[in-house]
């Protein structure tokens, strides 16, 4: 179980309650009143624990598990030991995620405004907002209901934040709008000037950055990630985008719905990503490109040209993955031939 | 126009005033009293707007623009529509930058010292300095006239900051000198210990880092960028260097005048960059190297050897770009041959 | 000498005291009472200065040095000028590190608790702890003797910190334990949620992150580095690990004793590093891998498979370094052949 120093468990729940919350099905004959007290991996789960089988690699662990219940795809349910209630789910990992959120809901701090927070008198805060110590909230800022603003967060003049947003400590936000239910992790920097200047040997001349950052609903932005505001157009992050730590998003970039950007990705100015683009860790994307919906950019690749929808690219300069594999195999053969 | 929630426009200006500020020339017969109220892209500009044509790709947009005036190179001025005053400039983007700064000057906050700032009694602040809430300024710190120190900025003992420096919220500075008119964006970390230790299986032994960070005039340092102080020699950033977000600069590194380091660049200890070196995003440079003046390091390359002045390198390990192109073409051919 | 604005020198010391502290040997006939006042490089050292010769490249500088004493391996001691006392050491750089720490001990601030720190009444602080302005310390936090908590540090509920830990300004810590004598540099983010969700076109579903971060003794964690807490298992950093700036460590990662991670390294979830693994700058390691004890990952490489103990890998995808060299040579030859 999770360390009670840090986590507070809810429940217990009956297996029927859990199945309902997770959109899973109880098999015929299962006892709907079976009580579950916690979540655990297949290997360590006991009779009161809920687990899941997502990857067929672990079918044997499933067959040997002492868990009281587990989410599983119908085709593997037959392997369940007699002591385990198989909860049938199309996507057992998603079902587990929903169930784990029932056992470990995010703690809601009391909706208190720290007396040390500096809040401009023209700022408007919704109901049940919490603001941590030493937060600084600028003029004309609007913060929606139930938002949680961490300690030391600095929110610049005019920023608008929708409801149920959580901003962890030490973030800075300026020149931006943030959609509902978005979470921003510690140290993220949002809305500062983009990297724009006219190069000149006599001294580069900075170009005023006159756009904003528009962040959608249900977005996550990782720790110490940086998102610059637009130069004139806006920088845009679509609904449901998941952005990991230490990611750089340049000015005028537009990121579609549900995109996933793993840690240390960098996206240069004015590049557009369609919906559900996946970029692995340390991917770099040059400026002014278009990456099609559903494209996959393998970890560490360097994208120098547009990528069509649905295509997977790899390497530097990034090429479609089959081509990359052929290239790599060709190099290996060549190196071996000469090695002899 | 820029969102008035976040930006305050100055002006209007006559076209003659704008031409004078931007170092551009009014063509014969143009009305010097034409009034301009804002800046805008060629496509969306109206009769009161100022625009620019820098990239010949947009000549058609220029020819069709409804802008009142636009900076343009003399050779394209003939394509101006009759309603548009072409302002002749050698470098239209630089002229635009200067004009945009006239319309959107950086807002100067009132020179107030927040009552919550903790300022050591031995620190000396110049005239018209502003210090934000919760800033912490150490012993013997000196801060020049008109500096703007953001909220939560922490400045360690002895640091000296010249005039007109702007430090955005949440930066930490120690063991450093900062030149005039330099801007440091949120979350930058300057002057902490370099990564220096004597490796030892019984426990690595840290080597005291006894140098400083010397930052020149008119420098920009991006959000969450880290610049370690020297180990004995200093870490140096030359005048006019432009450093983007999430860049790492190791101890004893020296960066010349006007260098441009795009986001997520990493420079290992004791490497020296000449003047006007350009490093693309995610470039890595090994330690103890010399990169000549005007060298260009293509995005994502890994530099393992010295680079001569003026040379462009690419790839890993980085080689001159022509060689990289030949290598890449050779691999592609080889892979295709085998693919058949 | 180090700039007295920023550094306070201790001493002087006799050469015998220094030899004893550094584990070095005085040669027969040397005057043990010779007084040393500072450390300096071989080239600039004077008669009162202590230096060292570690790299044979600098034997000539050693032979010409005016230093009063220098650490040197026995085989080079014969090259010492007559005015220089050669202090015999197996590892002269380590000996220098220890001596430099004698001359420049880390300043110990007075053990004061800033009146502006917000400390939960249930937190327990050891003796001689210092807490900087605007630090925020949560419920049930435990902080060991002689810890130094910088200004604006935020420590979440339940965190336990052992003795003699130094946390620089602006760090955030949650869901973690920190071992004795560990140093955390400014802006590091430790213990926030890992990047875990069930992908779903209808909206990715976040998976609660129920683990912790366990940091060992004598660890260093660089500026703006991010270490996510585990998803269920813990994220672990072994004793004596040295982690540079802007490093990303994903959930469930385990890092062995004495590992060295240079700046901008990224390690994906659930990967395990043995002891004394060295990863160069900008290395990326995929998830769920095992990297053996003593493996070396060359700068900028992308590790996609397990690496056996003691092996050095390079490139993308990373291969053993000899293979990489062969591949690179083969590509160069091929490109040249076609270039003709």
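Every chain is named by a letter (A, B and C) in the order it is written, and numbering of its residues begins at 1.
Methods note: contacts are C-beta pairs under 8 Å (C-beta built on N, C-alpha and C of every residue); 3 or more make two chains touch, one makes a residue touch a chain.
Predicted model only: the values in this text are computed from it and were never measured.
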item: Contact distance in steps, from chain A to chain C; value: 1
item: Copies chain B and chain A - interface residue numbers shared by over half, same or different; value: different
item: Whole-Å gap separating chain A and chain B, where each centre is the average of the chain's CA atoms; value: 29
item: Residues of chain A engaged with two or more neighbouring chains; value: 134, 152, 170, 187, 224, 246, 264, 282, 316, 331, 334
item: Chain B residues touching chain A - in the complex, by the definition given at the top; value: 2-3, 5-7, 39-41, 91, 93-94, 96-98, 100-101, 103-104, 106, 114, 116, 132-134, 150-152, 168-170, 185-187, 218, 220, 222-224, 240, 242, 244-246, 258, 260, 262-264, 276, 281-282, 299-300, 315-316, 328, 331-332, 334-339
item: Residue numbers on chain B that touch chain C, as the complex places them; value: 118, 134, 136, 140, 152, 154, 157-158, 160, 170, 172, 174-175, 187, 189, 192-193, 195, 197-201, 203-208, 210-212, 224, 226, 228, 232, 246, 248, 250, 264, 266, 268, 282, 284, 286, 302, 304, 316-317, 323, 326-327, 329-331, 333-334
